[in-house]
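Scrolling down, you'll hit the structures one after another.
In what comes next, subunit A is part of two complexes: it sits with subunit B in the first one and with subunit C in the second one.
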Partner chain A sequence: MGIRFNEVSYGYSSFAQGLYTAIKDINLEITEKNEFIALVGHTGSGKSTLAKHMNALIFPTSGTLEIFGHTITNKRNKKIKYNDIRKKVGLVFQFPEYQLFEETVEKDIMFGPMNFQITKEEAKKLAKQSLKLVGLDDSYLSRNPYNLSGGEKKRVSIAGILAMDPDILVLDEPTSGLDPAGKRILMDLFKNINETTGKTIIIITHDMDLVYQYFNRVLVMNDGHLMFDGKTEALFQKEDVTDYHLDYPNTIKVLKYLNQELNLNMNVFQKTTAEALAEIKRAVKL
Partner chain B sequence: MSYIEIKNLTFSYNEKTNVLEDVNLEINKGEWIAVLGHNGSGKSTLAKTLVGLLEPQKGEISIDGLIMNDEFAYEIRKKIGIVFQNPDNQFVGVTVRDDIAFGMENLCVPREEMLEKIGFYAEKVNMLKFLDSEPANLSGGQKQRVAIAGILAMQSDIIIFDEATSMLDPFSREELIKYIKTLHQDGLTIIMITHDINEALLADRILVMNKGKVYAFEDTEEIMKKKSIFTDSHLELPVSLDLANALTETQEYKEIREKLWEYALMK
Partner chain C sequence: MKSIIIGQYIPGKGLFYRLDPRTKIIAVLLIMISVFLLETIEQLLIGLATAIVLLLIGKISILKVIKGLKPIMILLIFTFIFQIILNREGEAIVSQQMYFTVYTLLFLILAFIVWRLIAKLIRYRFTLFFLFAAGVFLILSYVDFGANIANPFTFNIYRAGLEMSFFVVVRLLIIITLSTVLTLTTKPTDLTQGLEKLMHPMKKIGFDSESFALIISISLRYIPTIFDEANKIMLAQASRGADFSEGKLKDKLRQVISLLVPMFIIAFMRSEELANAMESRNFVPGEKRTRINELYFSHGDIIATIFSFLILALAIVLKVI
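And then the complex of A and B:
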């Protein structure tokens, strides 16, 4: 059992808005192995608040949260070693590259694991391994993180979390700010880590094309509620996705337009351009 | 003479590799330009040299006939505003009202006039209700609109959007795009740096940057027919045009190709 939300709600209080409930009555189960999950929703829908619960960075206002056997409630429990939870569930914030601070890539990646009582040698070994996982070779170890490109910085910061060897990895919009090629490289990398190590990966994103092409399971947040938890295909087959302030993937939108304009009867649920192309050709042949 | 002229512009941060190399561009008043390019292609550096935040090693920039140098930089900066990617990085005021006032304060606009303008431009970007709101209570899209109001209040007529939509959710993004369209209709010159090809399609012309150089600068419709420009520059065409280009130019696909183009260029 990885993470389970039981009727979890979380409220912020602020002078301006009074009590504001960011997430409401969330019930959700995430297994600790082999899951690849997209978490979507408009800004302010509660996605980030949901993610912050996953490694007990914040505690539920009401309801309970189970993370690897520890039960989290709204009170801090002295018996729980929160550090253990944070080692099991790694959280990567948006624009993690702003958090790089050491003078070499190696030191930066070692920083995390060194907090968990291991030797310097072990940490160095972990740094090397996790750098390889994110697709960078050893020559990067001695480089200054500030002189790397945006995409490289992102990968180094992700390696820093991987070095702590979490079972579950939660990433908040890891591909934002990258060009299309950089996006795909990073997504392929996550998929690869997921498949080779079996780590469960949860990714917050706004990019419906990526959601459709890469993920099996998708969680949709809207106004603090978990509106959908299921297969990606099933989500986009729904007629009312826009009610959740979501868009359809581009392949679906384009094929729908062709169907409507040319009175065709194509199956619009094609994930890639190649599949869409095959469907167009099939329809024309008929 | 064009409204914005860039001649032989070369810029480097470390004097070893040029981030911009011999860039030559002419942009007309009221045009909407989209700038595409891979990460590190020099897009943002170009924007920063245009607003005078970075000084090029070689070359010349002139805007509305004024050459960017110590004498005119101040004048030029009034004409041109920039909206950055991260809305939190440019919100300097304690409230929306303060933030819109910031630019005008630097220009020593008299108080009465300033108050009037704050109201006028806050209304224009649909933020009048939020004048007393703090940034913490605003969404990313709202903060971006406040930044625009601040620029408009300085009477700037060129706005650069440096990936201004990339941190917004699709809904706020669409809202901002709608707003940029009205700015364009009002006659402002728009330079929009983006990774989103669907956004770029809205522009009159598209500039493709590749390794610090101008790789192509053509009318939107023309450039979209040239797939190699995009593949060479590690960029992707929109799904609709990828499909249109992949369908052979035979009669059986003619109608579909036309509809795919129509879809891509819908504004």
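And then the complex of A and C:
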């Protein structure tokens, strides 16, 4: 059993505006093995709040949450070691600046594992491994994390969480601010980690192309409600995603437009550019 | 953190919201000076009543102000206690023989344990603390059996001490209430603009009031932002296993660094972005700027100023007589 949300709501309180409910009555189940899930929704729909619940960084205002057998309620329970939950569910924040602080990349990656009573030598080994996993070579180990480029910083921050060897990995917009090629490399990497280690990976993203191409399960948030939970194909084929303030993937948009303008009868649900191109060729030849 | 009302602006309507910030600053200053001129407790109580009447006139919820005083409570209690213990003038009102014996120690430890246990179960922390303090007092005075560890001593409360402590606490209360009214009803930007205008004449002696006001308004503006960032950093490090409510002290010290470094880096990044944004909107330091909202005096301002001058005059008259 991985993570289960039971009627979870969360409200932010502020002095001037009173209570603002970020997520409402969420019911959700995530198993700890072999899932590859996209979490989508417009800005302010409660995606990040939902993600912060997954490793008990914040507690639900109402409802309960079960994470690897620990029951999380609205109060801090002294019997629960919250650090254990964070070891099992790793959360990578959107901006690497919030977590990088050591003078070398190696030390920074070691910070996570060392908090979980792992020896220095072991942590060093883990740092090397996880840096390789995110596609950076050993020459980065001795560099200063603040002198890296945006994409490299992002990879280092992901490596910092990977080194903790969590069972479930949650990433808050890991591809934001990267160029298209960089996005794909990173997504391939996550897919690869998911397939080789069987870790469940949950990724928050705004990029519908990536969602359609890579993920088999998708969660859609809209105004704090979980609107959709199911197969990615089902989302784009059966639902009108514009209702959720989302966009269609480019392949679907282009093929739909061509169908309309040229009176063709193509199957618009093609995941990659290559597949879309093949479909167009097939339609034009006929 | 969010319950601290001092320095907070709460949007609303009322007499004080319509006043010019300059008037409010001057009025608060004048009334504060008057409060310091007062000499007897009766006068001070009248002063407190005036402050409360001001709150009522301004339609500011007294409950909110009292709630906001909570963090100051500790300061007030300490001043009260220190005044009582250290001031040794006048006749003694309370004179109590105190003993410190082996059993006293035992009872003290017992009382401490009971206090901490109850504190875990119920929430009235202040009340419990007072009960504990009273308990310590009773133990020290009545447990007189057993071998003495220290020599018995006399605990005295003098009339002047009691009066002085009451005096100081009421004075502090008035001052805090007044300044809360000022910050509660004035936007930080208006406040700094008022300060800037008031200090403008000081330019002749080389004091640049505009830069000063800018510094203040930027710092005020960035307090919530930085606070927000600190919160995010804390969460990010907590998800790397650096949770401050768990773990040993040695680990915690290391983890503090993991908060401070990103904090500084982000503060520097923010300031650089702000500088760029200001420059790209043609901000030149020291150049004359125009304002969207110019300040102007109304009838209410004149009345408020006259009122505060009257209070000062009254206080001076009372002092001289």
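Note that in this section the second predicted complex is superposed on the first by the 283 of 286 C-alpha atoms of A that agree within 3 Å, B and C clash if a C-alpha of one lies under 4 Å from a C-alpha of the other, contacts with A are read in each partner's own complex, and residues count from 1 in each chain.
Quick note on the criterion: a contact is a pair of C-beta atoms (placed from the backbone, for glycine too) under 8 Å apart; a residue touches a chain by one contact, two chains touch by 3 or more.
Note that the structure is predicted; figures quoted are calculated from it, not measured.
Chemist: Using the touch definition from the top, say if A:F101 reaches subunit B (first), subunit C (second), both or neither.
Modeler: second
Chemist: Per the contact definition in the header, classify A:T196: touching subunit B only (first), subunit C only (second), both, or neither.
Modeler: neither
Chemist: Classify the contacts of A:T251 with the two partner chains as first (subunit B alone), second (subunit C alone), both, or neither.
Modeler: Touch partner of A:T251: subunit B, not subunit C.
Chemist: Does subunit B (first) or subunit C (second) touch A:H206, or do both, or does neither?
Modeler: Only subunit B is touched by A:H206; subunit C is not.
Chemist: Which partner does A:S139 contact after superposing on A: first (subunit B), second (subunit C), both, neither?
Modeler: Neither: A:S139 stays clear of subunit B and subunit C.
Chemist: Scan A:N265 for contacts with subunit B and subunit C and give back first, second, both or neither.
Modeler: Neither partner.
Chemist: Please write out, lowest number first, the residues of subunit A touched by both subunit B and subunit C across the two complexes.
Modeler: Overlap of subunit B and subunit C footprints on subunit A: residues 14, 16, 95.
Chemist: Could you list, by residue number, the parts of subunit C that touch subunit A in their complex?
Modeler: 2, 8, 10-11, 229, 232-233, 235-243, 245-247, 251, 255, 257-258, 260-262, 265-266, 269
Chemist: Spell out the residues on subunit A that touch subunit C in their complex, using ranges where they run on.
Modeler: 13-16, 52, 55, 57-58, 76, 81-83, 86-87, 90-91, 93, 95, 97-102, 111-112, 115-116, 146, 160-161, 164
Chemist: In their shared complex, at which residues does subunit A touch subunit B?
Modeler: Residues in contact with subunit B: 14, 16-17, 41-44, 94-95, 149-151, 173, 176-182, 206, 208-209, 245-247, 250-251, 254, 257-258, 261-262, 273, 276-277, 280-281, 284.
Chemist: Can you list the residues on subunit B that touch subunit A in the complex?
Modeler: These residues of subunit B touch subunit A: 37-40, 85-86, 133-134, 136-137, 139-141, 163, 166-172, 195, 197-198, 234-236, 238-240, 242-243, 246-247, 252-253, 255-256, 259-260, 262-263.
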